[in-house]
């Protein structure tokens, strides 16, 4: 039982790192980037290539995936995404789907359609006895890294000047501009960091998530659930939503395998109907 | 005196609507201007145009001799425009302290000096932006604009909706800022009597154009103009055209 | 005279702030009434309650003898209360003709007919054309609304409200944002509106108020401060104080 | 004023003619409906593909009604398509290939009914909230249908699909043949009838009111329009159209599987409509043709990777071309033959 809970938490924290960039940029620019999962996939496949083809250490793959995806995100944001900000949500969704399709086909072309397996370093294999439960070392590693990332994010957002400028921009972009805050630049940086985190999540997830070309489509749905339950105005909302979703998904699959995704989709629709702004959003803000 | 701000034949509005019609004005450094007019005459639009938030349809703007017509709002803030928006628009998920530090630029105004000016804010440093009273929000909005260390302060109806005792407190602070510190400012206000004593010059807008420009002290004594342009009155010489 | 619109002890508060303070107001058939007041006086809040966008905290609103306090926007609109918006609310991709035809079709409860072709009812079309012509929009009635000059769009905004054949028409700053050259046309249209309709003009522009209104209400801090003829209001020292900023005197 | 009154009727007659002219059949419309049936003789070996195009076109048409005319963004039309497919398939199966239960038209009626009821019930959930919420709710609902189809093995055959779907002969006369001749004619006839209905809807006061809601819901409400009732109506109609499309596919392919409900079905149909141009009625039909033909050609050049080109074309459409193929054609026409009186809403 405790093992399942532990696996669920690991999965949930991974989801959080994958999705958090999308939540923040959606709250900041009201831009729905359904293709966010493509960055995670890029991180995952980069790790596969570096690890399996070039024998780079798994521990080095993680920062490499972050940096690579952050640069990729920054370039795409400046060249393509920037043209979509003042268009309708429908256009943004179509654009995202186009990016998803292209990324799926590209990965399929270079890497093939089959699922990719990575050989984790021996130090991350095996299991530990922890509080009477058997715990995978790798999942523990995932929890530690994601936990550190979460703390770092929370610190950056709550304690740094960049964080307060970012929050100001989310609160009221128009006035923030009038107060000398370069919202466009803040958004570009946030987008890059968010993409980088997705890439890191994708790299970390190679051992947990199944990595094949339709990854962005599959996880798009999970990200949407995280957003609809967690809201976009804080990062604690998406954090708890991810943990909840991770635990619910893992326990659901364990105890009621026949229900599969049914359970979480129903939760998503129910939440959207009851609270169109997300479950964890602070009550009426004005 | 060197010129601080100059608007040359500026027309602006929102979307299709045109609100400002061919407005020209200039303000010297260290001087202050009262921007008066009934509501809907374009006062806020004029300030927002200086900040860079409206759709400009023509004309040019200069700040300290530099053409700022095509600068973005954040670049204008950097160039020296400090703005106190009409609705205050305090960043609600930032603390009082963060509201100041997030926008702070180097210069004579630092956070301590702002707190010294508004001691009430110092007591509420750790409060979130949405946990302040109206008067405190207004003080914070002014403090936030000062944190930019602006050359020109734009105040959009800073006294509106506040209790009389707070109005007096704010007027005293503004008086200190403008008269004693020599801060250049444009004050938008509906109640002419309150801000005319604070300012050097006054402009009255009507239908987006300048209907009166002159010295504040002269305007304060000019009952007829005040009544005709700001009060409830017909414009002299214009008869109701309902006859036909 | 018959009273067409009435509010009794209307109050609205947001949180602790009273935006409408016990307003009791009567409007007679065919009235030409202006509603003025300084910023934050609560004009918009008041009008939003009349048109049903906001519901009052307490008090009643009566239209043609019926209590409409809890009616929806749509039901009020179909019962004789029409309004224009300060910022144009138009259908940019329609022609003025289509716009007015739509408004008339909805007024006649024929808007859900899917088996008939739009334009088949010649009486509706004729009425649309007559209305557009009388408002000086005949020459542009087949053009795309989004491509019309702003002044023409403002006229169409009024035309939509008139098409509903209202007994009460709320005009929210009809000339706002219109270039000086097109202004007279709008004022003429407002002047020429049918004498059967009770008009309420929400306006800051005193030229327009004095040209048009036969009675004026001044709203201050959400309460009805004073009512009277234009001459009475213009010469009222208390109104002068409110507008020129000597509010302290009010508290005496 | 008197001059105005005299002038009005004459003006009114021209105005009325111009309004009615919008509903008249144009030469290109007639040409379209001559070309499509003649494909039966022109491409007798491609009838299966053509039937599929017609069905995809009908699905895209259902989205056009909801999105192109009423402005409701949806990613869930595939859900109604799937419901219709299963409903028609089950009817055919239970009737074991004999009338009355297996009658294809009855099957389509049931498919329309089931999808319509689902559309009506979910419309109240969908109409709340912003575009973003609508996208997510419609997507979520379609995913639930997908999961249900997967998991209710006893009814749907699970991921293996539903076997033994044997519709009775059409109108008791024409049995579905191996070459897809009957299937093509049947699908074409159904599409044509539903197209006529859709066309009439869009040219009617009801259709005009939908476009008004799309343009400015606040104004629509203040002229006394029952906005929500209208949207519920068109969403339900759209669901019925999608249900019929699903039913057609199940009957003509004699098969139903969760693949018919999957997300890519909704996404493809939306893309088809965007390709062709939303708000023209023909956009979905033309888009479906171009989409499937493009898919065939590109798959031949780069097997499996046609998705890349699809994405690239879509990207270009979103960034540079408004209104899809038909929008492009109209822009070209307006450029070379500027319209005398600037016509608004299509």
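As written, the chains take the letters A, B, C and D, and residue 1 is the first residue of each chain.
Criterion: contacts are C-beta pairs under 8 Å (C-beta built on N, C-alpha and C of every residue); 3 or more make two chains touch, one makes a residue touch a chain.
Note that the structure is predicted; figures quoted are calculated from it, not measured.
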item	value
For chain C, the least number of touch steps when starting out from chain A	2
Maximum centroid distance from chain C, chain identifier (CA atoms)	A
Distance between chain centroids, defined by C-alpha means - chain A, chain B (Å)	44
Intercentroid distance (Cα basis), chain D paired with chain B, Å	55
For chain B paired with chain C, centre-to-centre distance based on mean C-alpha positions, whole Å	31
Centroid spacing, where centroids are CA-atom means, of chain C and chain D in whole angstrom	41
Chain contact graph, described as a line, ring, star, complete graph or other shape	ring
Full enumeration of touching chain pairs	A-B, A-D, B-C, C-D
For the chain C and chain D complex, residues of the former touching the latter	51, 73-75, 77-78, 82-83, 85, 89-95, 97-98, 101-103, 105-107, 110-120, 122, 125-126, 128-130, 133-134, 138, 141-145, 147, 160, 163-164
In the complex with chain B, residue positions of chain C that touch it	36, 38-40, 87-88, 150, 153, 173, 176-180, 187, 191, 204-207, 209-212, 216, 218, 230, 233-234, 236, 239-240, 243-248, 251
Chain C contact footprint on chain D (complex, rising order)	1, 4-5, 7-9, 11-13, 15-16, 18-20, 22-23, 200-201, 203-209, 211-212, 215-216, 218-219, 221-227, 229-230, 233, 341-345
Of all residues in chain A, those that touch chain D in their complex	32, 80, 83-84, 87-91, 93-95, 97-102, 104-106, 108-109, 113, 217, 221, 224, 228, 258-262, 265-266, 268-269, 272-273, 276
Parts of chain D lying in touch with chain A, wherever the complex brings them together	67, 73, 75, 125, 128-133, 135-137, 139-141, 143-144, 147-148, 150-151, 263-264, 267, 270-271, 274, 302, 304-308, 310-312, 314-315, 317-319
